[in-house]
Amino acid sequence: QTQGVTDDEIVIGSVNDLSGIFAAVGVPATKGANVVFDRVNAAGGVHGRTIRFVVEDNGYQMPRAMQGYNKLLNRDKVFAMLQSLGTPMNLAGFKLLDPKGIPNVAPLTSSQKMLQEPVRNKFTSFSTYFDQARVGVNYLASEFGSQTVCTMYLPTDFGEEILEGSKAGAEEAGIGFGTETTHKPDETDFVGSLSKLRDEGCDIVTMALGVRQAITVVGTAKKMGLTDMKFLGTSASFLTVVAQVPGGVTDGFYAAASWLDLWARADQPAPAAFIEEYKAATGEDPVGFAMLGYSAAEMMVKALETAGPDLTHDSFIAAMETLDYNDELVGNHISFSPDDHQGADTVFVSVVENGAWKLVHEE
Amino acid sequence: MDNAQLLISGLANGCVYGLIALGFVLIYKATEAVNFAQGDLMMLGAFVTIGLTNAEYMGLPFWLALPISLGIMGVLGYLLDRLIIRRLFGESQTAVVILTIALGFVIRFVAGLIWGHEPQTLQNPLAGKEARFGGLVLGMEDVAVIVVTVLLTWGLYQFFSRTKLGLAMQGASQNQLAAYYMGIPVKRVQGFIWALAGVVAGIAGILFAAKGSVDPATGLLGIKAFAAAVIGGFGSLPGALAGGLIVGVIEPFASRYIAAGYSQIAPYALLLAVLIFRPNGLFSQVRVKKV
Amino acid sequence: MRIIFKTSYMQDIRPWKDRYQLSLYLILLGVVIAAPWWLDAFYLGELTNVLIWAIAGLGLMILTGHTGQVSLGHAAFLAFGCYANIILIEAGLPFLLAFPIAGILTGIAGVTVAIPALRLHGIYLAIFTMALSILMDDVIVLAEPITGGVAGKYIGGVEIFGFMVDRWATPVQFFWLVLAVAVLVTLGYINLLRAPLGRSFIAVRDSEVSAQAMGVDIAQTKMISFALSCAVTGWAGALMGMFSGAFNNETFSVLISIQLLMMIVIGGLGSIHGAFLGAVVIGFLPQFLSIAKEYVGAVFGGSTVAIPGLEFGIFGMILIAFILFEPMGMYGRWLKIRTWFELFPFYRKDMFKRQKSYLKTERLR
Amino acid sequence: MSDPILTIRNVESFYGPIMAIRGVSLDVHPGKIVSILGANGAGKTTLMKTVSGVMDPEKGKISFDGVEIQGAEPHKVVQKGVVHVPEGREVFPLLTVDENLSLGAYTSSDRGQIDHDRELVFSYFPILKERRTQEAGTLSGGQQQMLAIGRGLMANPKIMLLDEPSLGLSPLLVQEIFGILKRLNDEQNMTMMLVEQNANAALELAHHGYVMEVGRIVMDGPADELMQSEDIQNFYLGVQEEGARENRRWKRKKTWR
Amino acid sequence: MSLLEFKNVTLKFGGVTAVNDLSFSVEDGEVFAIVGPNGAGKSTVFNLISRFYEPIEGSIRYDGHNLLQVKPSGVAAFGVARTFQNIELFEHATVLQNLLVGRHRHRKTKLLSEVLFLPSARRQEIENREKVEEIIDFLDLQAYRDKMISGLPYGVRKVVEVARALATEPKLLLLDEPASGLSVEETTDMRWWIDDIRRQMGITVLMVEHDMALVSGVSDRVLAMADGAMLALGTPAQVQSHPAVVEAYLGKVS
């Protein structure tokens, strides 16, 4: 019997941030996934097995994450991991998952490293930060004939990947990379950095900052009159609230992400159905990351169904590798194969217009 | 011109740090306790106001919500003291520090529970308005921050140095026993100062939320404000403002002129430097004990 | 009621009061050594984690609990020890050499920090060290060639006398390694406290003025305290690194510094027991809450997360309760319980009622 | 004789498990000075603290002016007119001399009275006037003691609890202090409870005396009677085998032990 | 050569001249008392010797050394110990630990031997303990050996301070108001102790005290100070009858 699978139960684990600086991501994602699992369980589960989704809070701290893994692996004996958050935490987790061959599915980070060797037990659902930045820069350059790309980033794994992606994008577009500025998560004033970028002649600025910071940067640039500077965020800034900041502060802000905004499509059938289901289950309005959690859980359920009643890591991985479907909710196409463990490769570039995200490019 | 712009927006930002730092200093000056939850109180103040005034919540008019939320924060500060902090009366300050850190956890949790974890902006009458001085731009919120901070610092300074109650608070912080011997109701005085700190946190929160946006993790800004208060010389109100301004001003200049990778270090490097040369901060409040 | 008659000076100099007490501690040690036989992999991992935190706590306790120098930046030294250890191992040193050297290097780093900080007291020192902890993150990024920057570093198992010691492959061996370090550090700490140096730490903590008058060199004492504290913390960091197997600049954040301080205060400042008791609370309580949640969930139906972040909120509330209940730390409470038993049946009902107490300013130095 | 203004009945106070006063009863009559003598650790300070409310008694009653005050918050006790000049000065070290005096008058709001009292204190202790802007923590030991007494006077109390007021003062000032206390008692009819090691001066000044030993009152009586008691003379007034070195180790047993 | 020598020492705090051109010397083996009105600068003299304050003028020599070149913690190494007027004990330690800190200047072991508690450390501890016990016996502190300082009455603390100073085995002992707060009986004890300290232990004593009975009982010479300067110097009897001293310090003795 494979660990985490009994006759009537499958245990799925997650080491997530429910109280730390990324709680804004982890909390809704977890809720979204729960909506799916609760529904599936209420309908009798998958092949007669209910799904138990155990989420450990890491507060975005490494020691807590390690404790989470210890509990999930040694106590709950999970079958697979879903939606684990934080690049360093995931990387540390691989040390334990890999020897046991436990699948790590759809981690909540778009780092390239999520598909490091051995790749067999790792599945990501989205394009990487690297690709997002690269495609975004490329698009903006061709659209506006911009000349110089610059990057504002937090000196972390996440930040550096976006920096690299921006440089690659600049190269592809045949334009120059100007300069970069580094920041701290608690920084609140960006006038200095923006004047530096202005003086360097940057007209595309990619950002790897916190959500709140991204909003401030765009607002400050407006105040300073830097109208021909185009700001580009990645999936990490691609939140509905960013578009909804009052006073049109974020109007004209671009984001390259691997999915489409939820509320901009609230009238389409799949998002509408999701919003309704989510509201019924939780009593609140979903946000973008709730949608991601939901769709990742759907993917998990699909794979479990495909794997059949005889559920082992091998059968699960084999099932994952056959998945190929359009995810109407998120808006992208998911397909895995034995040598492609990245579900969706599309990058969507959206821009804020009148308080909502509008899709402008897809690649 | 460029530098003038950096300076002025640095000042505005520094005032926010100064405002939070004022909250730290208030409590320290009156009780010698360090309230590590001050940043989280500020966050809470912002959310309370958002809850009262933003359209998706209660939607009260801003000028009505303002006094109500400051009142709520005041009561909250008082209750914190009354129900929790006061039980540690006379116990070591380290215990209070740890207590307030834990309190910060709880406040963050409660805020996340009520208002969610996504950043929110305060809908306010100043939003989007600008003030121009020659070629310099400053948001109206920034102007408001500067004015309010300076007035508040001045007012509190007067309160502590001019009034009997202010003097009693200073006395109570230096020697609780002696304060009691003088007939000062030390605990009640502390309750009052916590209420006041709550109000100041509320003001800081409102201005901060108007300037940018808040989420439950915003309270971590308190760490930087704490550093500002220490640079100023913990316990000095003008020092808190000065410390805040220094940190606020160094930031834009550092990111403008210092290479990436190093610029974000500047405020902390400055803190280290200040402390090495002035171990008790700029406006030192520490004395050598006479034996 | 046990009464101990003292007949020789050694009775005060020895770390234990009498044979009875010694045998209690030996039994405790024996039980812990045998943990792999009575604990499953999960709890063994948790126990290892608690011990690592306790070692870090011992490190901070030397500085904060016994020398009175509050540090809110010890995560920086955890990081230093962790990186030093792995870098030395990568350079080809055997673990048995790399590990001690990592601690010593961290100690040296501690002294380097201590020199500019010698004139700082109380919150000023706290914020100074906290700034160091915040900067450590950037330093690791900037020192990319040796630290691996944001990509971080990985450490697998290490070999000790031919045995493979690895957190996940051979958790039992790893546990014993951690236990051995914990025991050695504790013994060294006990020795220190009964020797002149340990007393000079306490002297500096309680009154710098009279410590000086007794011939204690304040600067030197603080420096030694920093050195010892950081060395021990460095070892804890090295073990923490091996425990997680992978780490980068974000691993040892300032939040961990704060938790370390919380740990020793809740455990009880100025006592070795406090470091261990605090480690149990900070190290295991979150996990306990997480497990408790399952049982609560089972009772009320539904296994999923009802309120995200609830554990952390409750964690905060429990810490508050701990402090309110016993501001002197758990060790203080433990002493009271022990006295109760020792005095039995001569205790009075409100013997441990808190008398009103009052504070005086700490702004006089 | 009038009813006592302060009565203490069977009071017991503890420091944790340690019983520091063990059932003390004592009366202070209005306008009288009561002096308490006792060796080190007898519990004199503890008794004073218990009266002024900074310590809670575990048992017993203390009433002042007919109101029970045991266990009351200390500031309430002060408001009733009980002022405690504590052992060990307890000045506000970072406040100036002037500010310290102002806080002494915290309970009163009569500006004229405060200014008058301040001048009175300055006339008693001219050095304080000279140093009115100096931070109290930098005063010499004796100067701080003067400040502590002066601060107590600022409150215009009904009863003053004085814990070793002459501690660390020069002989000249000790004489002056006792002169001042006598004048306050004579002119303003102020009631006092006085703890002093300088037993001679204390009994000279007091109307009534109590002797405390290990937490109990072991002897009491009118001051002049006590002065005549042989035990008191031996142990508190130092009237004994002058300089008899050999007798040093041989201590006379106290008869009440 | 004198043991301790002050030459034209001046110290000012802002506008206050705490010590004003003061010169005096303490001879080996004597008990030397300093008296003077409150604020005369007596404690300041002690603090100058302890090197807590830097004089703006003058020289302080001890046993042939220029004391002004020594750092505060080095003074004890010369064999100078002191007590404090306001009591500065290690509050959160026992009496025994306090006294053992006094032994610090005799520490011979190094860090490593202490952490491992090698036999050398053990021997040293036993030796320290023996010395400390002698002092405990001498000052009758047996009952308080394992008590925390924070729970001791004022009078006992005063004695513990003296004990801690003695534990350093000093050559020169500075006592700042050793008898203040002690009862008559205890003051008599203190008087004999000081006598024994000088006679049996051969320690020179420099003492500040307001209790004239004690001063005249034990001291060989007395220095009277006022406003930081010398008022009179001589035998207790001479000083006590000096008109300026009577005027400024003693008052009309009744």
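Note that the chains take the letters A, B, C, D and E in the order they are written out, and that residue 1 is the start of every chain.
Just so it is clear, a residue touches a chain if its C-beta (ideal position, glycine included) is under 8 Å from a C-beta of that chain, and two chains touch if they have at least 3 such contacts.
Chain-to-protein mapping (UniProt): B = Amino acid/amide ABC transporter membrane protein 1, HAAT family; C = Amino acid/amide ABC transporter membrane protein 2, HAAT family; D = Amino acid/amide ABC transporter ATP-binding protein 2, HAAT family; E = Amino acid/amide ABC transporter ATP-binding protein 1, HAAT family.
What you are looking at is a predicted structure, and each value in this text was computed from that prediction instead of being measured.
Asker: Need the most distant chain from chain C, centre defined as the mean of C-alpha atoms.
Answerer: The most distant chain relative to chain C turns out to be D.
Asker: Count the touching C-beta pairs: is B-D or B-E ahead?
Answerer: Per the contact counts, B-D leads.
Asker: Hey, how far is the Cα centre of chain B from the one of chain C, in Å?
Answerer: Computed value for the inter-centroid distance: 32 Å.
Asker: What is the distance in Å between the mean C-alpha positions of chain A and chain C?
Answerer: 36
Asker: Distance from the CA centroid of chain C to that of chain D, rounded to the nearest Å?
Answerer: Between these chains, centre-to-centre, one finds 47 Å.
Asker: Between chain A and chain D, tell me the centre distance in angstrom, where each centre is the average of that chain's C-alpha atoms.
Answerer: 73
Asker: What positions in chain C touch 2 or more of the other chains?
Answerer: Chain C, residues with two or more chain partners: 134, 138, 141, 209, 308-309, 312-313, 356, 358, 361, 363-364.
Asker: Two or more other chains in contact with one residue: find those residues in chain B.
Answerer: Counting only residues that touch two or more other chains, chain B contributes 105, 109, 112, 174-175, 177, 180, 223, 261-262, 264, 285, 287, 289, 291.
Asker: Return the residues of chain D touching two or more other chains; collapse runs of consecutive numbers into ranges.
Answerer: In chain D, the residues touching two or more other chains are 15, 54, 93-94, 137-139.
Asker: Can you list every touching chain pair?
Answerer: Contacting pairs: A-B, A-C, B-C, B-D, B-E, C-D, C-E, D-E.
Asker: Contact residues on chain D for chain B in the complex?
Answerer: Going by the criterion above, the answer is residues 52-54, 73-75, 78-79, 83-86, 90-95, 99-100, 102-104, 106-107, 135, 137-139, 151, 155.
Asker: Taking the complex as given, what residues does chain E use to touch chain C?
Answerer: Going by the criterion above, the answer is residues 50, 52, 71-77, 81-82, 84, 88-93, 96-97, 100-105, 107, 109, 111, 114-117, 121-122, 124-126, 128-130, 133, 164, 168.
Asker: Of all residues in chain B, which touch chain D in the complex?
Answerer: By the definition above, chain B touches chain D via 164, 167-168, 170-171, 174-175, 177-187, 285, 287, 289-290.
Asker: For the complex, give me every residue of chain C touching chain A.
Answerer: Going by the criterion above, the answer is residues 40-42, 45-46, 49, 53, 134, 137-138, 141, 149-152, 154, 168-169, 240, 243-253, 255-256, 286-287, 290-291, 294, 302-305, 308-309, 311-313.
Asker: Touching residues of chain C toward chain B in the complex: what are they?
Answerer: Contact set of chain C toward chain B: 70, 116-117, 119-121, 123-124, 127-128, 130-132, 134-135, 138, 141-142, 209, 254, 258, 261-262, 265-266, 269, 307-310, 312-313, 315-317, 319-320, 323-324, 327-328, 356-365.
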